[in-house]
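As structure tokens, here come the structures.
One chain, chain A, appears in both complexes that follow, with chain B as partner in the first and chain C in the second.
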Partner chain A sequence: MTNTKQRNKHVSISINRRRWLKFKGLKRGYYSFITIVAVYGISFLLPVLINSKALVVQYKGEYYFPAILDLIPGASSYYPGTKFGQNVPGEANYRNLKKEWESGTDNWLVMPFYPYNPYEDITTEGNKMYEAPSRNHWLGTDNTGRDVFARLFYAFNISISFALILTLINYLLGITIGGAMGYFGGKFDLLTQRVIEIWSSLPMLFVIIIMSSILRPSFFLLIFIYTMVNWIFLTYYMRAEFYREKAKDYVSAAISMGQRSHIIIFRHILPNSLVPVITYFPFSVVGGIAMLVGLDYLGFGLPPPTPSWGQMLAVGLENITKWWMVFSPISAQFLTLMGIVFIGEGIREAFDPKVYSRLR
Partner chain B sequence: MSRHPVVDVRGLKVHFPIYGGVISKKVGTVKAVDGVSFSIGKREIVGLVGESGCGKTTVGRAMINILHHVAPDVEIGGRILYHFEDEVVDFATLSPRETRKYRSRVQMIFQDPYASLNPRMTVSQIVEEPLKLHTDMSEPDRRNYVIDLLGKVGLQAVHAERFPHEFSGGQRQRVGIARALATNPDLIICDEPVSALDVSIQAQVINLMMDLQKEFDVSFLFIAHDLSVVEHISDSIAVMYLGNLMEFGPSNQVYHHPQHPYSKALLSAVPIPDPNQKNRERIVLEGDVPTPIDKPSGCSFRTRCPIVEAICSEDVPELETHDPDHWVACPIVKKTNEVKSNEIQ
Partner chain C sequence: MIPTFLGSTILVFTILQLAPGGPLEQTMIQLQMGGMTGGGEAGGGSSSLLGGSVLPESALKELKRFYGFDKPIYQRYLIWLGIWPREIKHRDFTIPSGKAQVEKRVGKRDGQIWRVDVSMDEKGELSVFDKDGSPSPVWQATIDETHEDGTREAVIFQQEYSGILTGNLGKSYTYAKPVTEVMKPRFRISLFFGLIGYFLSYIVCIPLGIRKALKHGSSFDFISSVIVFVAYSIPGWALGGVLLVLFGGGSFWDIFPLGGFHAPMEIWEEMSFIEKVINQAHHAVLPVIAWSITSFATLTVLMKNSLLENLSQDYIRTAFAKGLSEKRVVWIHAMRNSIIPIASGIGYIIAVVISGSYFIERVFNIDGFGRMAYQAILDRDYPITLGFLVVVVLIRLAANIISDLALATADPRIRFK
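After this line comes the complex of A and B, so read on.
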């Protein structure tokens, strides 16, 4: 009954909206999408969830918010222990402070949900190397006494951010250059294609290794180096798409009505050539994560104290008997990459014009 | 041709170079259009007919100057002169910026209604686009105009917000017609606008186009391979074969008294729904159309012509007046006519 009613009321839906509805219907991909996006969103709040600094400190009538200051870029959350009457060198140890204040003081503090941070090593009081998983350290500690659980989550945020930024820059370059090659064709296409061929024949892994051993690698330097290699693959797709689309009559119609080139490129052709771009996006993110893990594993990636799955994996393999140090990064990578691949699979199927193209 | 022309095509040649070999040097040319001259008067409908591959569409695309876009190295010769109000415009001599200004004067209706509408735009966006470019109408004015235009091509206001994939082929072609009419052009090039449609829809769309032609005071170049369609709609018919015009004249004359042997053969192939005429003469041409890469010398039709003679291979025959306004490019026809007129004298 409601069905017929809906049919009578005609609602026009664009192709993209229809694809989104189809994607929503593919439960595995859709739930993976929600989970990954939610976890990634939450991971920006990690300083208030997983941190050794207190959320709120009330000391002698005054309030301090060290963990929340960590969320604000540029703000300093450093308070020396002496500020809270604690006799430690350097920064206050809030976990100890909490124990000290439990009995009979007006001072109090609230710790985050998981009171360890990824940079605390054996130099911090009370931390030990190779601690097995326990109620305190859910996934144990690593070779320098850092909490594995905390590092795992911070590394998740860094990995996904890295892969997303990398993919977006690659896409921007690849779409612009590939699209221009396809649209303008002729000599421009010929020359650019030759340059790309020469460029892509450089042994890029070695270039990356050499560059990151000369320069001190940082997050953005690594993105820059990877982008130099990775923007190429998208130009192939975009060039071919633009060649195909520009020969269609709707483009001829746009030209014959006197439309300007950039509007034809961005408003007419681009929206019709995004299918390979969008379907490839999740896999490109997977590639970015895997690349970062690989370089970190080899030691050419992000500088040491940064939490990273590749570095954790490398340490874990050196200490293979401490199972939690191998198991944790591998599971984290496995779950993340699998989730993203599920998203990719869902998107691919949502964009597939054939209805029954999946083996069931 | 003594009418007031909207467009004057003089000796149009469109050659596509072919590259081959190791170093990609030019090894030949496809002579898609090889010297075509005709003109279209104000409010006139000229039908351009010929079998597939003879260069009809290329003529149309050359006239709206979009060949360079897909084939950057195409060689175009001859001139296409547009007479807009008091200006004479040749797109080939203008800069791209100046060309865009005159684009609204000549529009095109495309053959494939599925490819000619951007699938990501709604109907109102599609029809609105030329208005945005060439008029300074306000947003609500444009909307009203679009709805008005959709009404004129037989669509309803509710269709405006729909996407092309929600329409049938005939409806899509109506959207294409509305888009072409939006800027009120002087000339519309209709590139086989009905050949992709059902026969029952063809008649509707053709009648619609004829009504709109009168209403909008526009000239049509109607490209088709279906002669009965062309005869129904056109004032003049141009018959094309392998890149050359064979015959050009008033629709009645060409249809009922074709002079050129190719036109005769073409017309004898038109099915006539009349069993009494089943014994009419049917001219069956022998052989195949030669390739436009290696055209025969002289008259391009001579390899299949039933009345071929030695002089046919000498020069490419020019279009010459047979009757006033009726032009034929055939040395044999010319010769017979001369003999006839001498006898009368």
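After this line comes the complex of A and C, so read on.
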């Protein structure tokens, strides 16, 4: 043991590896990172985990895979009830089928882990609206009899995807424009700065609400609206950073060697000014999720019936006797955001070369 | 500053005016549906009008004039600003074919019916004369439309310069009152919560941040860090919702009222002063908590990190080396430098307090400033929407100045030339 330790001392490790090792050492952030990434990864498999469709159906010697087909975009997983000898209008009800086939038939089916779907209205099965949490519905049902637990998880996937895409686009725009402003300076800088000044004097949320009240947003339109008002915050930093870096010798050297502008910007300057941007990323994602929940709560977010925490909260806060409608989305949002904040804190510490000394 | 103000108002003005489903269309739809009222649903009303309108031409013209849509957009903006004449007190009249002069009643003056003469010259320009033959100082007239048989539809009106620059924010469509009158009581309510929440968060966060910095790494630091993380991860309005469910008497404890600024008016009027104060405070507890939580986390962490960073500086070591007491080093030497970032954040937090109010006011059913703006967007009440924008932009600009001043006070190195 001591041997390897000693050898390690002499091996110099790259700065990114050192940061990663330091991040791994910060347990709170590291485990949050693993949890969030794992849950987000699994949440792409939700159609086979939380779904009202069966995973496998064996009917009269033939196999069907409705839930698995849900995973494949574009594939139709619709089987009418009559196909399996069920006397229902429209799509087959697999939960009932399972009960019917329990005895005396060769047919069988396997339901997903949690056999309810976030969109289906289950009032037809004798369930009521606003059913309190029970063994069947772990977190109760909502105002139209949809299962809260199922919606919660689908909303998780949508929220994180939304915030990630949003933040990436914001970063791309902010870094490019801010960098270009700092690098090229002159008229371009002046003009863009005026535009940014005007944009930033507007109350963002207000503008988003106005735009979504006019445009009726879908997932990507909402991202577009949000990006339009939010790319600004990175430009301040990037602009200043590029101004500072451009004056340094290595940039002059690159310019005198005849390097192209975009190579200088992306290969030479950008890596030197990226650290604070990276450390801010998780907090940006937190902001994106919080904003989506807020907009959904106000009714200006994703169109119904998209599962969303904000919409569930709006329903819950209108009937505060239905406590599960308030607590479930808030806890889900809270746990998710807290996890990401922990990650952010870990990353920040891992990237921070400073060591705070205690008093004296 | 002024270009910024103009730029931002032009932007929002244009978006609002060009948007489909504006007040004009909404009123028309409402009229066509036979007076079926009911506030527009969220995001609704983007439907274009179907086919031919049922409204008569004159009513449509009247409506357009009422909402100011009879002018091109740049004129509308200038009118709104108050540097283009606004036409008021419209009265329609017809000039029969072949006649060049008509008499028109234009209301009352000094208790008597006021009549003016309108005459038309060869070019079709109208001029208005008082009864004594002198040109009228207040009335003007233009021809709206000429029919085939030679009769002309004309309109007589007064002009006035009134807009943002003269302090006139216009008249709300939904409340039928001047916008300033609608805003005033609501702004006061939001200010009440905003200021209390604001001071509360400063009073709590600064000592907490200092203590956390001094005890960095202790269990106190750890536990308070957890609270800070919780506060950061949950938006203030969502926490307000949780508090409401817990203490609002729905499913758990019935300690605080469900919402509202104070008790309903009928009860409120009969209360004595002390009862009023208690009632107000009772209603304010939960919203104020929700309000102050928004800035709680950032402020505490900012204070802590700033003090920590200063404590690891060389000048602190020097101060200790000189033999100064710990108290003096922390409170006199380190504090003066650590408070600088807090001071520069003052203006920013004001802006946050204002923008946070949309949600909190909706959760607690408080008829405040943010909710007014939210409702105005839903109802397409443009004067209020734009008035809100003006107020917020002005507050933000003021907040920037306050920030600068606070920074200059806290940091003697900064001087304004």
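We adopt the following convention: the second predicted complex is superposed on the first by the 337 of 360 C-alpha atoms of A that agree within 3 Å, B and C clash if a C-alpha of one lies under 4 Å from a C-alpha of the other, contacts with A are read in each partner's own complex, and residues count from 1 in each chain.
Simple rule for what comes next: contacts are C-beta pairs under 8 Å (C-beta built on N, C-alpha and C of every residue); 3 or more make two chains touch, one makes a residue touch a chain.
Keep in mind the model is a prediction, meaning the values are calculated, not measured.
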item	value
Room on chain A for both chain B and chain C (clash or fit)	fit
Which superposed partner A:Met338 touches (first chain B, second chain C, both, neither)	second
Chain B versus chain C as contact partner of A:Tyr297, first or second or both or neither	second
Contacts of A:Arg95 with chain B and chain C, given as first, second, both or neither	neither
Contacts of A:Lys248 with chain B and chain C, given as first, second, both or neither	first
Partner chain(s) touched by A:Pro203 [first = chain B, second = chain C, both, neither]	second
Touching partner for A:Arg19 - first (chain B), second (chain C), both, neither	neither
Touching partner for A:Met257 - first (chain B), second (chain C), both, neither	first
Chain C versus chain B, contacts on chain A by residue	C
Overlay on chain A, chain C to chain B nearest C-alpha distance, Å	10
Contact footprint of chain B on chain A as seen in their complex	10, 12-16, 185-186, 246-260, 268, 271-272
Partner chain A, residues of chain C touching it in the complex	3-5, 7-8, 11-12, 15-16, 19-21, 42-43, 46, 214, 216-217, 229-230, 232-235, 237-238, 241-242, 244-245, 248, 250-252, 258, 308-309, 311-312, 320, 326, 330, 351, 354-355, 358-359, 362-363, 373-374, 377-378, 385, 388-389, 392-393, 396-397
Complex interface listing, chain B residues touching chain A	61, 64-66, 69-70, 72-73, 99-104, 106-108, 110-112, 115-120, 122, 129-130, 133-134, 158, 161-163, 165-166, 176, 179, 183
Residues on chain A engaged by chain C in the complex (per definition of touch)	194, 197-199, 201-207, 209-216, 286, 290, 293-294, 297-300, 313, 316-317, 319-323, 326-327, 330, 333-334, 337-338, 341-342, 345, 354, 356-360
